[in-house]
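Beneath this line is the structure, given in structure tokens, with notes to follow.
Should a chain be cited, it is by its letter among A, B, C and D, assigned in written order, with residues numbered from 1 in that chain.
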Amino acid sequence: MTTTVALPSTPPRGPVPADQGCLVVQCPDTPGVVSAISTFLTAAGANILTLDQHATAETGGRFFQRTTFRLPGLVAARTELEARFATEVADRFGMQYRLTEVGKPKRVAILVSKTDHCVLDLLWRNRRGDLAMDVAMVVSNHPDLADRARPFGVPFFHVPATRDNRAEAEQRILELLRGNVDLVVLARYMQIITSEFLAEVGVPLINIHHSFLPAFIGAGPYQKAKDRGVKLIGATAHYVTPDLDEGPIIEQDVVRVDHRHATHDLVRLGADVERAVLSRAVAAHLEDRVLLDGNSTIVF
Amino acid sequence: MTTTVALPSTPPRGPVPADQGCLVVQCPDTPGVVSAISTFLTAAGANILTLDQHATAETGGRFFQRTTFRLPGLVAARTELEARFATEVADRFGMQYRLTEVGKPKRVAILVSKTDHCVLDLLWRNRRGDLAMDVAMVVSNHPDLADRARPFGVPFFHVPATRDNRAEAEQRILELLRGNVDLVVLARYMQIITSEFLAEVGVPLINIHHSFLPAFIGAGPYQKAKDRGVKLIGATAHYVTPDLDEGPIIEQDVVRVDHRHATHDLVRLGADVERAVLSRAVAAHLEDRVLLDGNSTIVF
Amino acid sequence: MTTTVALPSTPPRGPVPADQGCLVVQCPDTPGVVSAISTFLTAAGANILTLDQHATAETGGRFFQRTTFRLPGLVAARTELEARFATEVADRFGMQYRLTEVGKPKRVAILVSKTDHCVLDLLWRNRRGDLAMDVAMVVSNHPDLADRARPFGVPFFHVPATRDNRAEAEQRILELLRGNVDLVVLARYMQIITSEFLAEVGVPLINIHHSFLPAFIGAGPYQKAKDRGVKLIGATAHYVTPDLDEGPIIEQDVVRVDHRHATHDLVRLGADVERAVLSRAVAAHLEDRVLLDGNSTIVF
Amino acid sequence: MTTTVALPSTPPRGPVPADQGCLVVQCPDTPGVVSAISTFLTAAGANILTLDQHATAETGGRFFQRTTFRLPGLVAARTELEARFATEVADRFGMQYRLTEVGKPKRVAILVSKTDHCVLDLLWRNRRGDLAMDVAMVVSNHPDLADRARPFGVPFFHVPATRDNRAEAEQRILELLRGNVDLVVLARYMQIITSEFLAEVGVPLINIHHSFLPAFIGAGPYQKAKDRGVKLIGATAHYVTPDLDEGPIIEQDVVRVDHRHATHDLVRLGADVERAVLSRAVAAHLEDRVLLDGNSTIVF
């Protein structure tokens, strides 16, 4: 009976060809916009792989499109392609747009406190190759999860945060993040995020919370839910805005419960749905599938 | 090619034997209570068919039990059995209890306004024999649904109700209900129910509403949900208390939606989940499966 | 207390503007195909409303697209538009295509036997305006459902069918259908459909059955499922091919069950999921959302 | 910025009081059985905490009951209590029964091959205190997962198994298991289990597989499912019998998929549902909630 050192059994995320791009646009809805984008890409030598589009009204609404394509030599040509797209298409239709390389994973910081269900699910899915991200760091206001995060090969930083040193702690986190990440995921980070932090961080933040809000606000939401006899427990993942839990919703889900579930069972089941919902929301963001429309989202 | 008059294709609800009973109790949790009930029933000659019980805490909580049993001659013996149960068991444990005959359907009034999805689902399920109820009447503040309800063989009464005649309209409805029903179902009845009505009606009321509350309160909840980009649409069935939409929850469910669903699609999908949730809640109540525990429910 | 004749409370399906079209195509995947279609439509004066596309592989696969658009004067221009599309686009890419008017509902025959759950859900949804269909007729091998179907304003034809007169019965049904319908829905029609019937009917057929297949084949599937202790009951809607229950799947769903459900409960819950799945499958077909890819479907 | 060694953030599974017991019985259904059990327990000084019972028919069926209770001094009294229960109750009703201490976790071996989703979910849930088990060992026919399992503090044994050394490998596994475990979980163990192994192992085995069976049998089930265009992907957890994938079902679940999911997405989503279903099945077994009724299960 011998045991040997493990080799990685899950291959890293498939080598996405370097020549795959993703173009995400939004603009006032105008006849001809789909044709203009697809003709531009085709003329540039690109082969459209997927195309999702949405208009918020039959006329006079807002138009959204996500297109993935293959274009040999994309990496070298991207800057010039983007400039040409601006001149030839985007300016004409008043578009906001992003042109990204599919093969270039986003750099992500995960902020956590003491519970591990969300961060471990993200790290595990990333190791399997299911998420298009490089985890630049895990940051926590507690030291507890260091030994759980580091075996995944990611740096863990402990930044103690209390009511008294919030400004200082946020500055230390901003120093860690600056220039290093494209996305911050609050994976059950139990500290308030200030408007100042949001103004400075310069990248989107995704948060996860239980779905009862605005019901059962404040401490002990699961106990309050138990007292009301709710039959569903849910979680909501959303972008963080200055109104902390009111930002645009990316993903939601629920599980059924009944009277046999004690409050601690609700907490446990809530954790299950939280990790599933947060992982799906992060996956969608990483693939540039989430487009903002005011306080709402379009998830292609 | 001949067509003939239809015979009913669905047999009426199976002839539940006249000797099946249901005993529902609640009391402070005390050692020996399960044994006391089951021993009483066995000694009385009953065979226990199903038994569900629940205690809200390991010690010092509240105890709930629903027992169905077969007892030859139950109909004739019920009054005496109930009296003996009071003396021998209920008084000793400080129990509230109900002893009902399973074969005796509850008499139900369905209150509706103009939309038919909830009332038709209830009437259709009842015709198939899936609900243990006799529909005594459908009452509406609009005449529109008369021709849809009456083919199911139930009386339809039109009681116009406006802001100005609410008290009078409620009195007319109370006259119709008095002595005739064991349950009132608000199947999308778009009128406020006053505390006075609740105080006088003397039977439980079950209501159905969308699940966003307390979010998106007031008019146009689906438009507000659309603006927020919610990914789930739900419905909640609950008992009516003077706090109209805050009563004990009986059943909830949700359906997934996305940005492609216009507001009218959310309304339509909301109707689907409303009819499913209301029918399940009513079915549970009719079978004496719903026990009240403060503002919460136990649904066996 | 007066009751009056009901007025229809549900407005008929929204007056879809006469100038909305739907173009569905499939062809070998080729660079430039999206651009070609959208450029053709834009040049023709159409405004694209929605566009869904799918390729079965990154290269060398098959391409599918559904585009809805508004084109003033579509009804008058449709024939010429179709001819031009054939010449300018379809021939070039080897496309199969359909160009339909969104405002022109499909004509549907519903075939039933004795159980009403599927047919009533379809008729009720159609009356609310949720389905883009005109129900040309309900045909049954039993007379039972005449009085349930006709109140919806649809003709009901009784065509007795037995093992002995199958060929004759199928001929009578074919006479009823010929030229009158665009779709046949088998809404729990408990007769075998022969290959001869399929060869002659000339329109698609959609069927619904329980989801256990190929398990629990033959009579009494719910009893067999009960004996195996299954925890999920499901239904599958599919197009009918000569291999009756092996045709391309359009929609599936399930409900949870447990040991407390007797076999007749499984049948009843199976009916719930059957009506939901069939209605969703029919809705998708009516809106030209279902594209065939070999024995598989793409449902946009 | 300091980081420190992590302390466990999740408390171990709550210290279940040593005086909680679980009594699981089955016997031919007989009047008086519920009363006999509850009276026995009450007379013995036990306080019933939960009671679930089920009869497979109104009369003449089989009866199943699971009762949890608190009895001060249970650990010391258990042997004598069991003997008295045999004499006073079990023999009289022809019962099979098990009397277990809730606070005594079952000893479990987890058998795996190369994929980690099921084993890591079990180990993670166990570390959080959600599962009533001690993981005695992880055994694999590959060395790959050693470094993923051992950080959870469990032994990992590598037992190479091939077509040629199956008998020998099974013998080595049996030696490891003998006397050490109460349950074996096949958490994606991709080796055939022989009847000889089952005959010798002496404890139950739980397996997990995709839910298509008997459809898409053999290699590549997800590709076959993709080719058929299935809309649901599911998993089934069951006890292992000599008919490998035909044993009594404990738990099942599904997730929705559509044409946009490539075969490798189906595999990935299948893994998600597999880990959820297996963890729920194992949790139910560990708490003595699963009772066998022929080839079916009752899961209280």
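As a convention for this text, a contact is a pair of C-beta atoms (placed from the backbone, for glycine too) under 8 Å apart; a residue touches a chain by one contact, two chains touch by 3 or more.
Quick caveat: nothing in here was measured; it's all calculated off a predicted structure.
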From the listed C-D, B-C or A-C, the one duplicating A-D with over half its contact pairs the same is B-C
Can you check which chain pair, B-D or A-B, has more C-beta pairs in contact? A-B
Measuring centre to centre with C-alpha atoms, which chain is farthest from subunit B? A
Taking the mean of the C-alpha atoms as each chain's centre, how many Å separate subunit B from subunit D? 37
On a C-alpha centroid basis, what's the spacing between subunit A and subunit B, in Å? 42
Sites on subunit B at which at least two other chains make contact: 54
Which part of subunit A faces subunit D closely enough to touch in the complex? 1-10, 114-117, 120, 124, 128, 130, 142-148, 151, 156-159, 172, 176, 268, 272, 276
Quick check: in the complex, which residue numbers of subunit A touch subunit C? 31-32, 34-35, 38-39, 41-42, 46-55, 58-59, 70
Which positions of subunit B touch subunit A when the two form their complex? 54, 211, 213-215, 226-232, 234, 248-249, 251-254, 258-260, 293-299
